[in-house]
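First the structure, then my questions, so here it is.
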Amino acid sequence: MRRLRMRSSIDNCLTYGLVIVAYVVIRLLLAGGNISYALQGQLVPITVYIVMAVSLNLTVGVLGELSLGHAGFMSIGAFSGAITATLLELLADTTSTTWIRLGFSMPWLRLSLAMLIGGIFAGIFGFLVGVPVLRLHGDYLAIVTLAFGEIIKNVMSILYVGYDANGIRVSMDSANALKLDEGGTIIVNGPMGVIGITKLSSFTAGFILILITLIIVLNLINSRAGRAIKAVRDDKIATESVGISVWRYRMMAFVISATLAGAAGALYALNYSSVVARKFDFNTSILVLVFVVLGGMGNIRGSIIAATVLTVLPEVLRAFNEYRMLTYAVILIVVMLVRNNATLQHVFRQVGARLSKSLPIRRKGGEV
Amino acid sequence: MNESISKTKMVPLPSHAIIPERDASQRPILEVYRLGINFGGLVAVEDFNIAVGRTEICGLIGPNGAGKTTIFNLLTKVYQPTSGAILLDGKDTSNMNTAQINRAGIARTFQNIRLFPSLSVEDNVKIGLHNEIGYSMATGILRLPAFYKAERRAKERVMELLDLFDMTHLASHRAGSLPYGAQRRLEFVRALATNPKLLLLDEPAAGMNPSETEELMSNIEKIRDQFQIAIMLIEHDMRLVMGICEGIAVLNYGQIIAKGTPKEIQTNPLVIEAYLGKKKGDQVC
Amino acid sequence: MDFLSYLISGISLGSIYAIIALGYTMVYGIARMLNFAHGDVIMVGGYMSFMATTRFGWHPLLSVIFAMIICTVLGIVIEQLAYKPLRAAPSLAVLITAIGVSYLLQNAALLLWSANPKSFSSVVPFDSLRLFNGKLIISGTTIVSIFVCVIIIMTLNTIVNKTKIGKAMRAVSEDKDAAQLMGVSVNRTISITFAIGSALAAVAGVLLCSAYPILMPTTGAMPGIKAFTAAVFGGIGSIPGAFLGGILLGIIEILGKAYISTQLSDAIVFAVLIIILIVKPTGLLGKKVLVKV
């Protein structure tokens, strides 16, 4: 048992080590000008998808429920985060209070606050969505998360937010309905999404968000609350029978997962000059699910590797781009079949005893 | 559920199988009045009454499908009773859910073993200790000193409990990979870890050979003596039931057909009839 | 008059949902799985009919039969290759696989036929019906959709309740193991269910594209999810439920689009799904099952 405990902490160190080493190496390569322009543009998205994958893994791998609306929480975070950043910037420009002007003119502070607010909003939505969703299980739960994801996308597409001397205006109708003053600014413009964003995100910010995510998720998993969440995954009735509220721990996992997705969404939005709600659709939810499935459900390090590889691959392998989505589909099917069918497992083991060692789909390190 | 408590309070104590003399001065740990449930048209349990003494070992027997497991499910609120009242330590449990029932003092095992199969034996028991460990989510995430202290104490407690069944060497194994007998024992340990006042065991000797059953019998008595708790068990192995139970209730078609000491039960014609004239002491069902 | 016309379009759309919902409800009732790819079989059916009429110049009716045959084979192949190996797997794994199959079909279609929408010409040869001096126009497709749906529901109901294979289906949906013990071939029954569901999907695909003549690789995805909603609405596993749920959902969608918001019409349908699952997960005509412990 000491061995097991030690193995799990060695495993966690490996995960942190991997992330830190990767960061340092990329920084060095960047400094040497060894990373293509296209790939540089993928650095922030990679960190965003890593956080998305790790947070979804908390719901799918650790809690054992399939969420098909993870992009919805990313959307909430992206919108609330981008609005926050824009408002803070406007505030810094217009205020007469010196410390506010000085404080909010610092990009990193606006970015941190935006990610924090994005996370909080997504967490609140996670709770509100969780109240009805967590009364369900299995297939029904999955389909309802999908429904919520689509509803969020639809509602965000008709959202208009503006800011003028009188404060913040919101409308679900049209930009004109905001009735802004002369000097007013439209922040969210319906189907065009959040516009006029000042790019604040950076690779380093993404790296820090990954570290925070890992600390939260890995420490949670290896603590009292995490054990309860895993107990719920294995057997709900048995969990209740030892005096643990299943509802409470399902909600905890769901809200933490949504919060982290929100922070990632804010980081994503602030990497571009505008961001639309359509971006956070079912396909994005499935993309993140592919990372989780390929990396291994419950395997945090696997999620990180899978998110990175599958985001970089289309950039380096142009030919792959065309077959990308098809490959994702095949990954979902094949991984599930190999994982869950005894005959196939046997065949797989015999055919690729050596090969399979290098594939992340085997259950190994980082497993919880 | 449907009958209000004020009404049930006027009813005298339910006739119990037999409350041992040492427990007679105290209120029974469990009092069940007119408990019943039906599934659609099927009346699975009807007018079930029992009282269990504080350190009593009490048996619940009957042919397959008699409703024994259903009674455990009613006591732990896995099923909602359609009628009747359950008092635990004198307190009404009608508004409690399964988790609250456990916190109030009833722990159980399941006829079809329900462990946390993907987790280690140690973690299974630690989950049983969940409410005793008690530090918050934030303490766990921030790894505050309280986290390390509580985890260390939990680990010691896990080992003590596993030691009762000589299972300490299995602590790091996956629960799902244990042999059947060890899984049953682990479920027992996990239930015990929740610090119950009443422990419900559903066919604890199922699938065990005679020597394992022998060991289980002495373990059940040992645990009752050491923890001073009441134990109610469902079992088909008559040697075990007659050997350690002080009171026995016999169920047939959802109704109690006899209650009494092992001796009384063995000679009760109704019981013999229910078991289709099988000789006493035989394995039934 | 507007309202009446919306109502009729709603019933027509609902008929198509009902035909799709049958595939979901039968598969869910018998194999206990949510066949997420069912909606994409619809899309394949649409393309097959399109190819048959435009490429090979076949008669529309022949193209429908062609689409049904291809989709039936496709359904059986999917079941054998992807779902059958997972009979004993947790439902999470089965659902993820089904999502994978859905993606596979969509992206294979994308490679085969590109993302450019094809304009589908209706297979229905009748002219529109004009009533009340032309104030109410009912298209031929509308009439055919409703008619076909009613026929299919009645036929299926007879099959399930009166024939031997129907009996096997009911037995498997009640208790797989017991049915197996009584000599029912569970695997064969599940395959037949998939075959029937997929053939119906082809019909639904053709009707859907006749009513909304834009054919794309993603054409089936949304109607698929909505039809699942319809199946849940009516009570999953129930054939009359699929009919009732489909019609009601079609009406809700069209009325929602007309009187509430065009952009939010999908959101309204999803809200219906959420409300049903929360308030009455067994649907209008489903029966409640209690898990045995």
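A few comments on the model shown:
Order of writing sets the chain letters: A, B and C. Residues in each chain are counted from 1.
Rule of thumb we're sticking to: a contact is a pair of C-beta atoms (placed from the backbone, for glycine too) under 8 Å apart; a residue touches a chain by one contact, two chains touch by 3 or more.
This one's a predicted model, so the numbers in the text were calculated from it and none came from an experiment.
Chain centroids computed from C-alpha atoms place A closest to the centre of all protein C-alpha atoms shown.
The interface with the greater number of C-beta contacts, when B-C is set against A-B, is A-B. Separating the CA-averaged centres of chain A and chain C is a span of 33 Å. Note: centroid distance chain B to chain C, computed from Cα atoms, is 48 Å. Separation between the centroids of chain A and chain B, computed from CA atoms only, is 44 Å. Chain contacts: chain A has residues 237 touching two or more partner chains.
Residue positions 78, 110 of chain B each touch two or more of the other chains.
Counting partner chains per residue, chain C has residues 293 touching two or more of them.
Contacts from chain A toward chain C in the complex involve residues 60, 64-66, 68, 132, 135-136, 138-140, 142-144, 146-148, 150-151, 154-155, 157-158, 237, 286, 289, 293, 322-323, 325-326, 328-333, 336-337, 339-341, 343-344. Across the complex, chain B meets chain C through its residues 39, 69, 73, 78-79, 110. Across the interface of their complex, chain A is touched by residues 76, 78, 97-100, 102-103, 107-108, 110, 114-120, 122-123, 126-128, 130-131, 133-135, 137, 139-143, 147, 150-151, 155, 171-172, 190-191, 193-194 of chain B.
Residue ranges of chain A in contact with chain B, taken from their complex: 1, 3-4, 215-216, 219-220, 223-228, 230-231, 233-235, 237-246, 252. The touching residues of chain C, when paired with chain A in their complex, are 33-34, 82, 85-86, 88-97, 99-104, 106-108, 110-111, 225, 228, 232, 261, 263-264, 266-267, 270-271, 273-274, 277-278, 281, 293.
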